[in-house]
């Protein structure tokens, strides 16, 4: 976009909200990592917000990283050292998964970092929209409630297996079983972000990234998360929506067959290059933000579910892990989702939005009906 | 004969709590950590209100919000406890296997890593410059 | 056991540094004589590196040009702290405890070189590699 | 200032930075900017480093404090990024405005090589003065340095005498220990780990004196944040002066005379304690193309002077310390070391040295390269 109609003041409310998401304490050292695709105005707004909290900011800019499931991306040494030295890292990214995964892991585990990831596409608008003002406290509680539902009854040690089922009118009906130890959250487990954790700005998700079994079909409304998708409409975003024709993943014993038009062909090519385990179900997840824009941030949107095949880098469950250098996504706007037959999404709406405890906390920030009302786009 | 792993961990935690930073760090969470030794004797530590209790065997089952399980071979745990390898590298090199999704227990990973390091008398890496 | 003299301590460090490939390479970076002047003692010694060989010699260094020679002043205890790896050269300079006899830019490359030789002699990694 | 430059116009200046830093493929290069840096300069430097196949990282922080005011620490994230780099390109709004402690540790302990860009505009990077060939500048600086330390040995260093004279009434004689003659990374053939240099801006100087007597009369002042509000606006250089500023030295200490500019200086010095009036610098520039109005201290034959002290290195435990290091400069005049001329009527004699002219041939016509641009 050539014309930028925004001023710093337009971006500051969202930038301040970022500070709430990482809970900055006065005097902390904060590194803002902005790749070369992030508009400078956005970087300045974040810098100003960090400064307002009495922290010591430094901005670090490099070229964008590779996608996390492609191995071997290493940042320059200065980038690493800056990250390790910080108390808090804020990552402004054009594509969500474009990180240096090894460095990030070391930073959090060995160097006590708290991290906030802010995927923005390359648009300034993203920060002027309502989704970017969603209160941390509400998002944390919503996420925790869902996480508790998805892990309910699990113990350590213990080998409880739970069942997740997704059904939608478009032909989707997928049932999978999972070890709840591998349920994933993004830094929203506690009212406070702890060293070693990262969270996603206004974009909590809850998901599973390892399955014992998966059978059935999922039919997508859109795809996301690949650099190649930026060329497809909407241009410049890694989201592809709408699709020229539906893309279907048909699972049998965890492995899937991909059907659809030219978008499906793109996925097939990615998967074909990924080795023997590239077609295994590797993720079912949902978003929790009712205001997240469906076109550009579908995976953050409450009640939207997303799915991946391949595997997830960084952690291996056991020595026999099935590893694939692929983790490719599709998403479904509206479905019903059950965990062990308990409803989690009912006709596209998160059941937890009607939880009395959640509504009580939401009331601190305004009318809960308004806060949980789904944005129309 | 080499010292059993649970004793090594116990000593590391004792040394850690002999420092102010160690005591503060230990207070950070209440959590049980199971160390599942794939080719040896498993052990666990229960940390409650800043008190650490290391025992042999597996802990009794806890809700997963309160407990974590880390799997690996005996020699890998030794390498880590001896300060010869970093936990994050062992995960990356697929020699140690935290039984959790890659985000879920990272704060606990960071916590035990920090406690082990304090027990080894190593400064936090931030201060090395 | 009696404590090593400063000169012996530095000699040992130089030897230990020269025992590794990286250390040898580091020593070979410059030819330089460095006079160590103790403010609280009459002991004098100097470090001499030439053609990749380094040694520590008692007494006053033979006079040479400013390019080839350098002098560092300080108390015995300060040098000991530095040589034993308990303090960094740059901190000692900053705190006004170690006095390089040169303007603040002229010998900084030599300071780095010497700091590294001592660090490597102590078996410490160059901080760049710690991360 | 409206932006009339395209990135292509300033790329030669950005490439010159990589020449001064001697950037090699695979090296980690940090482009350190602050919130006052023109973003296009940052872009150009990143491209130039990338051209050299370096690993590039760019940082932005708030500007540091002036180096002789104590206590300014960099954010830790930035500090460690510097330590981890092979080459550190520091873009500064004012020459001394940086993080001195960080600099010292980075160079001495981590072997970083640094190139500074002091208050360089797009125009500077597009202009011929910043494209002055690095090896030629090194050669000239070395010639001057050799004269200033001529005959000195370690041990047994003897004091040398420097004298500055000009028709405007300047006549200053000072004695110095040549070990404290200062250069900025231009004495060796190429920048070494632990050294820094200024883009196209070598200087040779002395920052510690045994004696100083006489008078120096300035054409301009520079190097204080407070000067930015005096003409030319936005630059830390004050030139021309409404009336001459004079420093009278007796036994190394000076009294300051002059008009309103002298008053600003007197206030700075008054806050600096008992050693704030001690002569602590005589230096010269070597670049015949540096713009006299904005970068006088870099211009060949321009001398600059400071009182107070220099942060970072104490010569002895009894060092006279002042948290002041304030400058004036003299555009023309003559300068002698032990009676031998170094500058004659504003002309840096090293520029006419046959060896320098011969060396310059590899970069173009020596007459053109070494011709002064006096504006």
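Each chain gets a letter, A, B, C and D, in the order it is written, and its residues are counted from 1.
In this section, a contact is a pair of C-beta atoms (placed from the backbone, for glycine too) under 8 Å apart; a residue touches a chain by one contact, two chains touch by 3 or more.
Keep in mind that what you see is a predicted model, and the values were worked out from it rather than measured.
Counting steps between touching chains, the shortest path from chain A to chain B takes 1.
Of all chains, the one whose Cα centroid sits at the greatest distance from that of chain B is D. The chain pair with more C-beta contacts between its two chains, of C-D and A-D, is C-D.
Chain C and chain D have CA centres that are 29 Å apart. For the pair chain B and chain D, the distance between C-alpha centroids works out to 53 Å. Centre-to-centre, using mean CA coordinates, chain B is 41 Å away from chain C. Centroid to centroid, with C-alpha atoms defining each point, chain A and chain D lie 50 Å apart.
Residue positions of chain A touching 2 or more other chains: 77, 80-81, 84-85. Each of the following residues of chain D touches two or more other chains: 76, 79-80, 83-84, 105.
Chain B has residues 125-126, 129 in contact with two or more other chains. Against chain D, in their complex, chain C makes its touches with residues 33, 35, 39, 60-61, 63-71, 73, 88-91, 93-94, 96, 99-106, 108-113, 115-116, 126-128, 131.
Listed in rising order, the residues of chain D touching chain A in the complex are 28-30, 35, 39, 42, 46, 55-62, 74-85.
Taken in their complex, chain A has these residues touching chain B: 84-85, 102, 105-106, 108-112, 148, 151, 154-158, 180-187, 189, 194-198, 207-210, 312, 314-319, 321. On chain A, the positions that touch chain D within their shared complex are 29-31, 36, 40, 43, 47, 51, 56-63, 75-86. Across the interface of their complex, chain C is touched by residues 80, 83-84, 101, 104-105, 107-111, 149, 152-157, 178-185, 187-188, 192-196, 205-208, 310, 312-317, 319 of chain D.
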